[in-house]
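So, here's a batch of structures to check.
One chain, subunit A, appears in both complexes that follow, with subunit B as partner in the first and subunit C in the second.
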Partner chain A sequence: MSFDAARTVKSEALLPNPLLAWREIDGAIVIISPEDSVVHELNPTASFIWKQLNSNHSTGEIAQQLADEFEVSRETALADTKELLESLAGMRLLCAADRRKGSVHV
Partner chain B sequence: MSRTPMMDKLVLRTTDRHLPFSVHLDLTYRCNERCVHCYLDHEDYGEMNTAEMKSVLDQLAAAGTLFLTLSGGEIFLRQDFFDLLEHARKLHFDISLKTNALLITPARAQRLKSLGVRKIQVSIYSGDPAIHDGITLVPGSLERSLEAIRYVKSQGMVVTLACPLMKQNLGAFRSVIALAEEMNVPYVMDMTITPMIDGNHKTVDHRVALSDLLPVLSDAKLNPKIGIAPTLSAGDSAVSSGMPLPEGGDDICCSAGHNTCYISPYGEVFPCVQLPVGTGNVRTQKFEDIWYHSPEMERISSIREAQLAHCGTCSIRPYCERCPGLALMEGGDIMGAYQRACELAEMNARLAGVPNPISAMHAHRASTGASNAQVFHPAQTKLVAIAPLRTN
Partner chain C sequence: METIERSALSRKDAPPRRELAIEIGQIPLHLKFADSAHLEKASARYRVFSGSREKGLPIWVDSRQNPQSKDSTFSYTLNSATVDLRKDGAQFSGVPHEYSLDSLIRILLSKMLLTRSGFLLHAATVMRDGQAHIFTGQSGAGKSTVASLSPIGSVLTDEISLLRNLDNSWQAFGTPFWGEFHAGDLNERAPIAGIYSLIQAKEDRVERLSTRDALRAILPNILFFSSKQEDNAQLLTILTQALQAIPVYQLYFQRHAEFWEVLK
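Moving on to the complex of A and B:
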């Protein structure tokens, strides 16, 4: 997928799992899953992407911001973003947006 | 949270940067049990209301707190408990609860799960209802607590049994271990019985004499230090929510005031639930102003092991679980040694095979002819200076 094409593909399909505990600690995102009590620490690039995910940006928008922030090509930024999202989803740190809306019952 | 290299790294980093990584917040001192050893005054002198509690949570999240322990008193007695929990969830805390679980129903357990509560610690004093209920003074409480634990466990949350050991249940500690093993949950035994927050020492009467603790200290399940040279770290506690310090950090006594603190239902901020040095009140000050600029917090966090008069040079310090708060409450000096810690360290060292262990304080007293009798310092032991601020 080209970068421009990616801009039209919204990443609403994947958002941070609302049940996760997470905080930015000294510049790095630290995540704890209540399911398995595993602690994850994201590197600076992944931390940047995580924060953008929480601001409801599309994959393309995130990749563009990543390219601007870290001075890499848009193609590299997009590939890195997609790879990270797949990795986080594989660890169940991201979930589908529609499921996310219904996850918190009060 | 179990010890992992990553957690150790985070604890060291947040300690080094003086970030409030873990905070213990008591939502209320009211309780539906009347445990004979409890250090709290269960009257409500004007707890923070819902808006004040939410403001505290907002400020903690902004300050970088990740680990949040909600405790009491009995947390489920607050009518706004789930409202506060929902707010904490939205702020992405790692949430642990301390409760007697009497008010946890299957529906409430499900709701706790849906709000991302990761860990729940429940006080269990014995597998024998007569002993447990005799401590809580609530008939049927053991049965109700165990039933609630099953509800919580069925939801997949981590449950820990917490058992403070006292005269009444010393002989029953193995029944708590058996319960934990039967339920496949972890447990923590705690030999710390503190004076009450109003300075009253009647709770200390329930403490087990050190000579009677030998079966506990000799139990390999409870004291893995037997026969080996231990590392110096704070042990698990049924009361404190401080973070065990990994090796390789700065020369500090414990996490209190470095990356952890305690907030009372009245808004008072302390370095730890067991360290009665008031550093400010979130009702009248911003949390970050207290955390970063309170002279008392700065004083506590500036203390280093090497500065401790006796303990800094004590040869059996690795066998000791000295607590700065108990040093203040029991010895009158946050920098000092205190009798019970010295005696426990000597027992632990003896069990580990150290010949004729003697603490530095005892050696000093022996050389000067001073008495080793325990002297409490009630003037130092008032944990919460309660000022009626009825805002509810």
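Moving on to the complex of A and C:
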């Protein structure tokens, strides 16, 4: 398995962390992390991707929708999607799909 | 005659009732003290917030430590004192003094308000023309200054405000929670005209905030202690509803009472 392929598999296994509370406000996703009371506010691109994640879309599907929505090339959208997913996972806003127990949308 | 004397004796021998019924933000609480010293101080502090014994959530207050209940739905420890909320009531244990009791009541209310469409906010609330104006900010932002510049009898609190949605109307309530541990003496409520996030400046002006900017401005000033996901989700829902209904402003103000001019 190549490095890129591994990254794709990893990204597709990520979903919003069920321990978080989040809500869409004025088009942006606002997330509260109850553990440490930290508040995150996602930018438009990240908010778009977050909503797609909750609809169980794959990384490829999300990138395609991102390309359509923001009028960028599919390659650029895919790279941005992967980068954002890794960034959100690094902040523990996403977790592996098999650890997710339920929806957190309020 | 004999019956009356016996009855009087049995009353004399019975342990005194160390109970106090209070009501804050229309939430009745029935405090039951193990220590009479606690009762005396609490009775003085919450004298204008008296409520009904029958309706109030029973709260057992003890200076000793007690084990957490198995049926606990919410628990929080502040220093050595603990709030333990169950379905049938609450236990405050390890309560050394009235300051601790006051803190535990605030912690308990922050949880109880989740099911009552309300929340606690670090803010001064001032009534003017029958409406409540809420001035929020962290320590040093100017809450006490705003309160001190307002007429006596118009300040519902200078430190912690209680906001609730009652019958589709957001209301601010007087609270006993004041800075410097003053006891609040205005148990009234009023419909909320606006929330103002304070910034001290060299001019007086206001800027209306979007719902998202309003949330960003007030979230750091919310009193909230639960780490449960569902509680935080509920809080976020209540705050969003509140901020969509109540106008929120950034208030740049000088330390003088003329700032009211820009709120008209």
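The working rule: the second predicted complex is superposed on the first by the 89 of 106 C-alpha atoms of A that agree within 3 Å, B and C clash if a C-alpha of one lies under 4 Å from a C-alpha of the other, contacts with A are read in each partner's own complex, and residues count from 1 in each chain.
Just so we're on the same page, contacts are C-beta pairs under 8 Å (C-beta built on N, C-alpha and C of every residue); 3 or more make two chains touch, one makes a residue touch a chain.
Everything numeric in this text was worked out from a predicted model, so none of it was measured.
*Asks:* Now for A:D26: first (subunit B), second (subunit C), both, or neither, which partner does it touch?
*Replies:* Both subunit B and subunit C are touched by A:D26.
*Asks:* If I apply the document's touch criterion, which positions on subunit A are contacted by subunit B in one structure and by subunit C in the other?
*Replies:* 18-23, 25-26, 30, 32, 34-35, 37, 39, 41, 104, 106
*Asks:* Within the complex, which stretch of subunit A touches subunit B?
*Replies:* These residues of subunit A touch subunit B: 18-26, 30, 32, 34-35, 37, 39, 41, 103-106.
*Asks:* List the residues on subunit A that touch subunit C in their complex, please.
*Replies:* 18-23, 25-26, 28, 30, 32, 34-35, 37, 39, 41, 104, 106
*Asks:* Sort out for me which residues of subunit C touch subunit A in the complex.
*Replies:* Against subunit A, the touching part of subunit C is residues 210-212, 215-216, 219, 224, 226-237, 240.
*Asks:* Write out the stretch or stretches of subunit B touching subunit A in their complex.
*Replies:* Touch residues, subunit B against subunit A: 1-2, 4, 6-7, 10, 13-14, 17, 19, 21, 61, 64-66, 82, 86, 89, 92-95, 111, 114-119, 156-158.
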